[in-house]
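Two complexes are shown next, each including chain A; its partner changes from chain B in the first to chain C in the second.
This part shows the complex of A and B:
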């Protein structure tokens, strides 16, 4: 009995913060952040955005940085439209994007992909910059960013550079960002009819077996298809895109694109699905995503029903 | 490693804690330093919602938030929610609907639902309120009773 009491007391006096330890640095300006990163020894400093991925990695000992650089004070929590392009600061919580009506209307695929990330409370912290910077193969956002041809604005010691997201992503936890570079913002060049679809074993709290993102961009080659749920990261399927030659491809073209996507995707088998099941899923989902995207296109004026 | 003091604004009070490690999560500061044990530790990976608190009025997972990242934003825990009429209405609705079995997930549900109900004068429909609880897991009730509680709470605050 007394040992039980002692045990309870021990639980109630559990020391806190003993699992992991690091020093948190909270620079006040982007310049200071870049300077701190440049001065840190290689691999010793991790960049913290919303923390919904990094902190779990630290807890589970997949990462053990000595220092963590917080982006909390960076002036990057903004969202603005420049004409029809959308500029999103890298540390803006996903929840803010989700609650924005114009984002939902003009970039429906992006809105859907955001809604599929975790829960509202998680989205209150998670960021676009973090999704790109961490390059998780499990991310539901990355295929959509690739399909929408999002640009990444990167700030570093030698100034600012801008690249398509597809060139920035490399593999899990790896991007082509230099050690002292930070993601400042993401730029979506134009509003676009777009769709994001996923398949999971459980609808919530699970990683997608397959994610399919489709978008029709105003600039040629117009159609873009990207897949998630594959290793080492989400990728674009240009071979399947090439089949689609008009804004409203025929059913045959859609079917051919879906088959091409299924043939080209390099899946692996894991505990969530076998390689062949994923392939079957892709064929069905690409066809559905294309059809949904077509349905989201503004109707040509002549096809509109005359108003009474 | 520096263990500096930390000041937080919790449930309307200014609280100061001596020597808080940089790596400490808000969940641990609340439970083990502020003594607010209503907030529960579930999965600690952002999946279950048991640790939900309000930060700046927005439901947030306290297991994935460093205490030092909170800054000046006010933190409201289940203890704070239970002290206001909307929170009390939600708690009463959960009790009346039988939406509490083991009760471990309940504080997270109450915080997340009260935040939604408090956001606007006319509450959203039951379906979107339930949608807003998608990040809260319950292994006991099968959720039906929780859905009834949502409808009851919505009615009560209308």
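This part shows the complex of A and C:
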């Protein structure tokens, strides 16, 4: 028998299950919000969007902010089409996007990714800004945002900057946002045939074992494949995209792209799925998502008669 | 008829365990072990005692001084004096003015433990199937062996032997309301208010754990936010009472949801081996082996094995069998009952096995079951008589539905059938006290409604049927263990079937008294303008006018009823070791399910479901149908997704509802409920218990449907997509 000595260390920080009190700050304008953030000492002030991630972190004692800055009064609960690009305010509840017919028609993959986040009640609170801000490796939205080349508009003390979402994301709970910066909106440059597929053990309020986003964009490189459920976060798989050489790749090309994606993705084994199962899922789901995306492409305008 | 508790529950007006309060109440928190197996070397409670708001901190030493007679050789001693036996086992407890203060102080206790070897899994103890010497292994805490007929001979001459091994996982009851209680010492009496299925059983149990006389303990049930077997014997109550002794104040303890999972009394994993000998297309002999993980349990766990193993013989005629099972002590919390304890797991193994065997023989799975099915007057494996039993009728109804579903079934879909039996706990006793007042009937009760309706609705329906009173003239009044009549508790599907018999007797006694008073052969009651009227033929008399002055002074006419079931016997010559469980009143379930299997990912979709349920008499049809639907959905959780995951060092990886996956409403398929009546049970008006039977065949039915769809059998529960994918050799 081993006689290791184990310790249950005395915990001096706040244990799980003990509520913390914080001061809620509700600035009236974006400028005021940025000013307040800039004036706060490091790590003392958290930004609250829908709160579906932040409040759980506070409850589980992963975060214990002194102050919480609410974005409730920000004029960012909008959705607007500028030509064929869609601009979504960062604090718009996901539910509004889900109920928008045009979003469903023009960005079907984004709509699919949003539709199955949590439950209807959760989507009535959760926001795109919060999903990017949390940067969860398991996020269902980030693969689609990446595949659609979404851009993030960031507001900070020195004004506004705009970057592709891929450059803003880092790893779980970490983005390239400065301490006094806020996500103001997300811009989807163009409508695109697109597809999002996930697999979970259960459809509602479960974490996706993998998520697969595919899109066909107007600008080259047209095909985009991005995966979620991998470490340290969702990413594009350009090697797999490169296999696809036309708007309507053959079954063989789809299969090869899917296999390339499965080979390249950095999966790990955890309690939700083993690494090998995740690879297996990707091989199947990338192929299916590509086919669905092809099926969603507009039919060529003048259907030519088959020439013999 | 609207349930009397529905509206106040919707308004949040009823007090659950978590709502309990008392003036001057303190909050409790538990200090829990950091390892799954070890000895406490040092524990420093002094620091916690000095923390803000802390009123009492108790550890093993305090237990010895405050309650010197507390039992230590029980599965859940208040604190382990010698050995920590599972991770998270409470080693000390704190009471403070606020919950936050209690939790902070509990977290501040440092514990130093000498770690011992952890045996968290069955494979750690018996990597191979145990040999005959296994019974002496110190991990074996229960051993049952029964045998009948010329088993070896039949296996030797069999035309075919079908052998398989199945594995099942631990499942949690997941009552929405966590365990919660409030303890206080009033004039030397230990008083506990708690969310429990069994106030009287709890009184006995808590008294023995604390080492106090039962007469010194008063138990009062709160409303129960779901039990499913998890709110039976003593669990958190001793901590609240110990802290109440130490602090002199009322103490409330409510578990966090993580604690619910980490301390819970749940079903644990099992390994089941089945060998079946066949001659001329029929089963002629069976061998059954069971290894049952019983967690940190003590020797004497025969009951658990004997009980579980019976389901492995099934509702089938068995000429010759040899069944043997071991209960194994592992470093997990002591196991406990979960709706139809261990039946869904056993039936998953047995009915998968039978289904596969039928297919191997080229027989129709339903017909093959019918050939072997118990009918009334058959004898069970332990030579007990089978009473009226709706299995054959259920199989026939299922065959008709299956034939309809079969036509036009899409590729990738499959249909599975499974059946099971249940033995309603009509043996356990109970008493009823009815009080007929001028304006209505009062039923006096010790146990609260646990959610299924068997108390608020079931008991009242029995009284309605006997007396003719409308539902709104019947009220249930709840008492504590000092004022309410004794009852064994809400478990074993027995409330209506057993306690209902006591209510029926009391109601009949009332009826008889009144009939005598009006000089009629029988009477019926009705109400008019809030007055109870006694009706005989065309005569209607006010009840008040029929009461004696003494009864009028007491407020009404009282009647008692008792039901204590006769002890059932098994043929003891067949039992070589331990004890097998004698059965009472048989109820059959036959379930049918259509699934869609994704052949590339292993994902299972439930397309539709039908449950053919032998209920004796449905005395309250909507309630029975609701129980069947609920049982099916809960069973789908066991079948597809629910699984407690432990690491080899005994840590639970998924102590919460994110990764312990309970079915949600979106997972519920269309469920067709077909109640089979006419095979009378022992309950009032021929009712059989219905709480547990509908969960039993669900995992097996799903597994059989998957086999039908894919030709591949999955040997382990739950059938998660990854497990199915492995069975399909996709990875």
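Everything that follows uses one rule, which is that the second predicted complex is superposed on the first by the 285 of 308 C-alpha atoms of A that agree within 3 Å, B and C clash if a C-alpha of one lies under 4 Å from a C-alpha of the other, contacts with A are read in each partner's own complex, and residues count from 1 in each chain.
Keep in mind that, in the parts below, a residue touches a chain if its C-beta (ideal position, glycine included) is under 8 Å from a C-beta of that chain, and two chains touch if they have at least 3 such contacts.
Given the structure is predicted, the values throughout are model-derived calculations rather than measurements.
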{"item": "Which superposed partner A:23 touches (first chain B, second chain C, both, neither)", "value": "first"}
{"item": "A:121 touches, of chain B and chain C: first, second, both or neither?", "value": "first"}
{"item": "Touched partner set for A:205, first chain B, second chain C, both or neither", "value": "both"}
{"item": "Which of chain B and chain C A:277 touches, first, second, both or neither", "value": "second"}
{"item": "Of chain C and chain B, partner touching more chain A residues", "value": "C"}
{"item": "Those residues of chain A which chain B touches in one complex and chain C touches in the other", "value": "14, 16-17, 19, 204-205"}
{"item": "Chain B residues touching chain A - in the complex, by the definition given at the top", "value": "1-2, 20-25, 28-29, 32-33, 44-49, 52, 55, 58-61, 64-66, 68-69, 71, 112, 132, 134-137"}
{"item": "Footprint of chain A on chain C - complex, ascending", "value": "31-35, 38, 41, 47, 99-100, 103-104, 106-117, 256, 258, 600-601, 603, 640-641, 645, 653-654, 658-659, 661, 663-664, 666-667, 720-722, 725, 730-731"}
{"item": "Touching residues on chain A, where the partner in the complex is chain C", "value": "1-12, 14-19, 199, 201-207, 209, 271-274, 276-277, 279-281, 284-285"}
{"item": "Footprint of chain B on chain A - complex, ascending", "value": "14, 16-17, 19-24, 26, 48, 51-52, 55-56, 58-59, 68, 70, 72, 95, 118-122, 124-125, 204-205"}
